[in-house]
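As structure tokens, here come the structures.
Across the two complexes that follow, subunit A remains constant while its partner is subunit B and subsequently subunit C.
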Partner chain A sequence: MPDGRPSKIRPGQERYVARLEDTPLHDVGALDTTAPPESQWKEAWKQLRKNPLFWVSAVLLVFLAVVIAVPGLFTSNDPSFCQPGKSLAVSSPGHPLGFDRQGCDVYSRVIYGARASVAVGVFTTLIVALLGLVTGAVAGFYGGFLDALISRIGDIFYAIPLLLAAIVLLSALNNVWPNRGFWGSVLAIVLALGLFGWPQVTRIARGAVIETKQQEFVDAARALGATPRRNLLRHVVPNSLAPVIVTATVSLGVFIVAEATLSFLGLGLPTSIVSWGNDIAASQNQVRAGQRLGTMFWPAGALALTVFSFILLGDAVRDALDPKAKKR
Partner chain B sequence: MSRDLNPDQPLLEVKDLHVGFAADKKTVVPAVIGANLSVYPGQTVAIVGESGSGKSTTAHAIIDLLPGTGRITGGQILFEGQDIAHARKSDIIALRGSSIGLVPQDPMSNLNPLWRVGTQIKESLEANGVAKGKAADARVVELLEEAGLPDAERRAQQYPHEFSGGMRQRALIAMGLAARPKLLIADEPTSALDVTVQKQILDHLDRLTDELGFAVLLITHDLGLAAERADHLVVMYRGQVVESGPALEILQDPQHPYSKRLVSSAPSLASQRLSSVQARAEVREQAVQTAAEIAAEVATHDDELGEGRGTIVEAKDLTKVFKIRGGRPGQSTDFTAVDQVSFQLERGTTTAIVGESGSGKSTVARMVLGLLDATSGSVEFDGVDITTLRKKDQQLALRRQMQPVFQNPYASLDPMYSIYRSIEEPLRLHGVGTAKERETKIRDLLDKVSLPASVMTRYPNELSGGQRQRVAIARALALDPEVVICDEAVSALDVLVQAQILTLLNELQSELGLSYLFITHDLAVVRQIADNVLVMQNGKVVEQSTVSEVFENPREDYTRMLLDAIPGGSIPLGVVEAGDDV
Partner chain C sequence: MWWYVGKRLLQAIPVILGATLLIYAMVFLRPGDPIVALFGDKPVPEGTYQALREQYNFDKPFLVQWLLFLKGAVTLDFGTAFSGQPVIDLVQRAFPVTIKLAFMALVIEAVLGVAAGFYAGMRRGKLFDSTMLVVSLLVIAVPIFVFGFVLQLLVGIKLGALPALVSSQATFRELLLPAIVLGLVSFAYVLRLTRTSVIENLTADHVRTARAKGLPDGQVNRRHVLRNSLIPVVTFLGADLGGLMAGAVVTEGIFNVPGVGNLAFQAVRRGETPTIVSVVTIMVLVYVLTSLVVDLLYAWLDPRIRYA
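So, the complex of A and B:
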């Protein structure tokens, strides 16, 4: 204590002053004007670029996009041209993966099947993200009765198993709208999955919005005279997007699997449409009988790889947007 | 009851310590560069520095608790003559707790919420082999009593959430001292606490040091506090020790330019200087004059809100009652956060509202701003009751006249908005000017708050706390308001930055004739910025007077207690005065 106690200076505690040359003073709060300006998104992109997971998934997904856009580049065989005589035949020149029970080329069916699976995944994710963001933002921002109403409705939808609900809905739809073509069939599944998939995103968005709306910049905007609506749209929603994007990217894989499951059960895409789910369903008899496992392996493998890529991408995006969640 | 330690042998010696953090595989960012310090048995040594100075890193290196990629890249740490910088992990673990105790910074996050407080202290007793079972339980109660917790037996059975911040810090001190270490490292032990609680805890720690004879290494950003509590000071700046020596000597005669800056800016020290009182009087004189001209103009114009009165904001019997959910659904109890608060803010002056957490000071600010509806009472802006403003254009007119600056510079700017957009937002909202005119205005505003125009394209995450606070001030001034409400506007900043922002606020006040309502928990800064002060406690105003009256002649015990709690307030100062800094 500095109160009059006799204090003798001990070795190692003599008065020391560093030379100014060794410890130069810097301006208080000086600004580094040399570095280029960076927004949060730009910084996230920089993080993303450094992540090998991102590059692995990006390469796989770009490849997938090319497969969907120009399947003709990879195979000259028509996936629906089937020769009953070649049923379960092994691979031959031009047909690297052999033939399925109906005698269709497995390789070309895997290539052409990507389109339906990915279309269902992407569109369902978009619908779910949009529905979830709107409901979650409204519930979280306005609170009170609206919040209670939206949250309880969400809970009810959440309580119904996604697949069960989709099965009921699709079988009902089959009676009213039996022949709906490729896009009609995709739309039906997207609606069925979307209708029951949104509450998960709502919860995430609601939580993020509640956290954001308590920040001081929202109060600052209110004090500037911003209306609640402007505040919600201009400040709160943009700052709550990151967790929604992350959830959506990860759930994309889940929806692709759900489509395959529905098709496997005969309720998804009609058998006339080439899809991985349909091919997996068609091959189940061979698997039971132990014949030609490849007929199931290839579509199932393509499905797994696609889902894996989207989940990898989701993880990489999460690491970039939310560095706190990253394992160190 | 000091143990057999030779008082002339240093207990801890840090010699030429270098610590670095690996940024990636190749580059190491240095955090501590060649630090030297010694601690003798029974002594209190303080490391002082701003955030990023390396003071906490030095402390953590001593007990080998460096976070993340940090590691010691050179030098020695001798504890009782043994080098612990290069010791085996198991030896250091044996040393922790039993020979070197730690009181961490944040009492809120350093206790496990799932465990009873007593169990957590018992754990540190058992881990160090001091006591076991029943004996340990009894010891826990003794330790809590020793740390100054009343009713220790019952408290030991409680969970952390049942403790206040001060009580948690006492529990952490009990834990740090459980195994009777020879050295206690206290890392900003009270910076999260109210000033009066801070004083109680530090006083108690002082008493324990005298009784038990352990040495303390105190890490703090507050020079006043360090000088008051420590025998020996070590001033760190950007990873280097710039000055060290006897505490009083450094405070009265700082040699290094950085220490000089610190001594002249520390609010606890600056508040006792007469020069800051004079400077404030000059600011007020100029501001009142400018404000009177503005008032005369407002009085003759009909399009502006207000009548041009001398009293620009008047709060009458402001009361806010919050409903708190009760034990059963539908049941609730009333909590009066603000109770009949009245005050007047004169044009061109500053009224400060001072109080500890929970005093209701920020609630008053939010009601004056119209962000929160008052339960009863009224706020008049220049003769107009703001609760009667229902029309949108009238409300917008009020917004133009009264603007806030908030506490947390990291949260008060939208991270998605560039600085340009942030400052432009008020202009857009109120439809001021064309795009070209708005840009001129923004450049002008940035110039006013001493930021280069190049900052416009940047985003908040690229700026330091002080720079962000300048941007927040620029945004608040964009609509040429008459009143600015600063809600703890400098509390989250380092002392030097804090001093700069206070100077800026004073300059702006005299130049633009602004009136400030200044909310703060820190009575020390009040003298540099305010003319009148309200002291609040538990929602009520306990004392209301001019600043000089409150400082020189406080009438209430509570005010006196707050004044006494300003660290370093009683230390006689040397010749350095504000403005002498290099």
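So, the complex of A and C:
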């Protein structure tokens, strides 16, 4: 038997052997075997290039990356230079968006605020995706006790609402580890959101791995003598990545919103750090009073545009990676 | 089916134990002494201090504190808040308000989300569909408290159409605006889910069969497209009830709703362990029960699913 399994032909049973022309093997000759093999990723990139929404989000995100890398290119004002005399002043030359309550330049704060907000989103997503992928792959591939253990632990973290868990953990961290600087503050939020965010990715990765490991090419690799470890790393995981990447891209936006929400509750980044979340939170009194709505509109708008871009990107990637969805 | 329900409830026990332990551990991380904080600038009398420490079990090791909490929780004794009131009383007062708020939000998001998503999916690529997609993306992209403030200002204060703040009575009319704000993000998710699901089902074999046997369009759309499209939506809504209760921390703060979200947030600020752990335990219970109900609903929506 070609697949190495013992045959189970009962006595008296005849085997029908189809002629070559009647089998799918017949078409094999029609394939251009000299052409280089197209990987799933190359195929997806071809699809992605054709999608206008991908280009919209890509242009926005590249622009965002430039803003984060060299904010000085867009503004010469110092975001932390505030003049109390200019509190809530309207726009003036060099200060296109006016001033906030503290008398800081709104425009430069929007530009500089990108760094902290996006850092939280990117690093939380990396941690969640990595942790989720590893646990999900192990649970899905090995099954049995490991699967039960990982799934139950995941359930525990998943059952506590993300926002509430982050609030409790951050309020504890604020006491244990005060004055932690820019990266320390970012790390604290990344930890709080990451610690309770991974089970969602685990579930998705686990499902994808279980689906992939039942496919023929995995059997083929095993028949050729691949060890389970090699099979998992070289065949199963690469072919289960698509849904994880899509979820990660979309949740990047969600984590940026979560940072803003935590800052609004006073548990996010310390107010000394320029971030969109802090500026939106600081503007709530003006909005309550109905004056200078721009102080909330501009940081909120920048945040919304960023999240929007990531969700669009996630949608485009999903359409490219899921050939079934394309046809619809 | 009862066998299945029993199995699921048994599986929930380690989840609840683990979740309370986790929250206990996080609250325990706080090095500050909540009893000293309770007295503010005033000196704490030594005798009172010891008595309070014993009352709140702060003098015992961490694991013992947790076990004592569990022991009490089994008999519905969740300990006392720093104000001297039993936590169960506080929760009993706040919980119905949040449940009411969350259910109002759930109904709003489910009805509007499914209706808009169904309509958008049936007319894919048309103006309504594109508008709804942009609207849903915007709703997801803008932090919820921004909507809260804007709607509070516009609808509550400028137009005066609905109350901008909620009193201790928490009437239906007062809770309407917070419920809309609370349900807004999930509305976007429900819309997107329903739309995708409807588009998927429109080309499914069973819908083609239904049309081929001459069933009127209305019946095909209702019974075969909509009903089958609801399965992922129901999963989402079930999981969302817990999310809504957590989201209530923000919404209840903006609209001054006397619910568990507010209660939990205040308790976190004070480091009031019994209240925090009780509220989280209740939320975990809600999550466990709703996910069980969702799984049972599957069987009703899709009779092919059986439980073992």
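The working rule: the second predicted complex is superposed on the first by the 291 of 328 C-alpha atoms of A that agree within 3 Å, B and C clash if a C-alpha of one lies under 4 Å from a C-alpha of the other, contacts with A are read in each partner's own complex, and residues count from 1 in each chain.
The rule is short, and it goes like this: a contact is a pair of C-beta atoms (placed from the backbone, for glycine too) under 8 Å apart; a residue touches a chain by one contact, two chains touch by 3 or more.
Everything numeric in this text was worked out from a predicted model, so none of it was measured.
Undergrad: Quick check for you: in the superposed arrangement, does A:L173 touch first (subunit B), second (subunit C), both or neither?
TA: second
Undergrad: In the superposed arrangement, does A:I156 touch subunit B (first), subunit C (second), both or neither?
TA: So A:I156 only meets subunit C here.
Undergrad: A:V62 in the overlay: touching subunit B, subunit C, both, or neither? Say first, second, both or neither.
TA: Touch partners of A:V62: none, neither subunit B nor subunit C.
Undergrad: Kindly classify A:I280 by the partners it touches after superposition: subunit B alone (first), subunit C alone (second), both, or neither?
TA: After superposition on chain A, A:I280 lies in contact with subunit C alone.
Undergrad: Once chain A of both complexes is superposed, is A:T23 in touch with subunit B (first), subunit C (second), both, or neither?
TA: It touches subunit B, and subunit C stays clear.
Undergrad: Please identify the positions on subunit A that touch both subunit B and subunit C, taking each partner from its own complex.
TA: Correct list for subunit A: 328.
Undergrad: Using the touch definition from the top, list the residues of subunit C that touch subunit A in their complex.
TA: So the residues of subunit C touching subunit A come out as 11, 14-16, 18-19, 22-23, 26-27, 29-32, 137-138, 140-146, 149-150, 152-153, 157-158, 199-200, 203, 242-243, 245-247, 249-250, 253, 264-265, 268-269, 271, 276, 279-280, 283-284, 287-288.
Undergrad: Quick check on the complex: what are the subunit A residues that touch subunit B?
TA: Spelled out, the residues of subunit A in touch with subunit B are 1-2, 7, 9-18, 20, 22-23, 25-26, 28-29, 31, 33, 35, 37-40, 43, 215-217, 219-226, 230, 235, 238-239, 328.
Undergrad: Report the residues of subunit B in contact with subunit A in the complex, numbered from low to high.
TA: 8, 10, 13, 36-38, 40, 44, 68, 206, 227-232, 237-238, 240-249, 255-258, 261, 369-371, 395-396, 399-400, 402-404, 406-408, 411-416, 418, 425-426, 429-430, 451-452, 454-455, 457-459, 461-464, 466-467, 470, 472, 475, 479, 496-497, 500, 571, 582
Undergrad: Which stretch or stretches of subunit A touch subunit C in the complex?
TA: By the definition above, subunit A touches subunit C via 152-153, 155-157, 159-165, 167-169, 171-173, 175-176, 253-254, 257, 260-261, 264-265, 277, 280, 284, 287-288, 290, 296, 300, 303-308, 311-312, 328.
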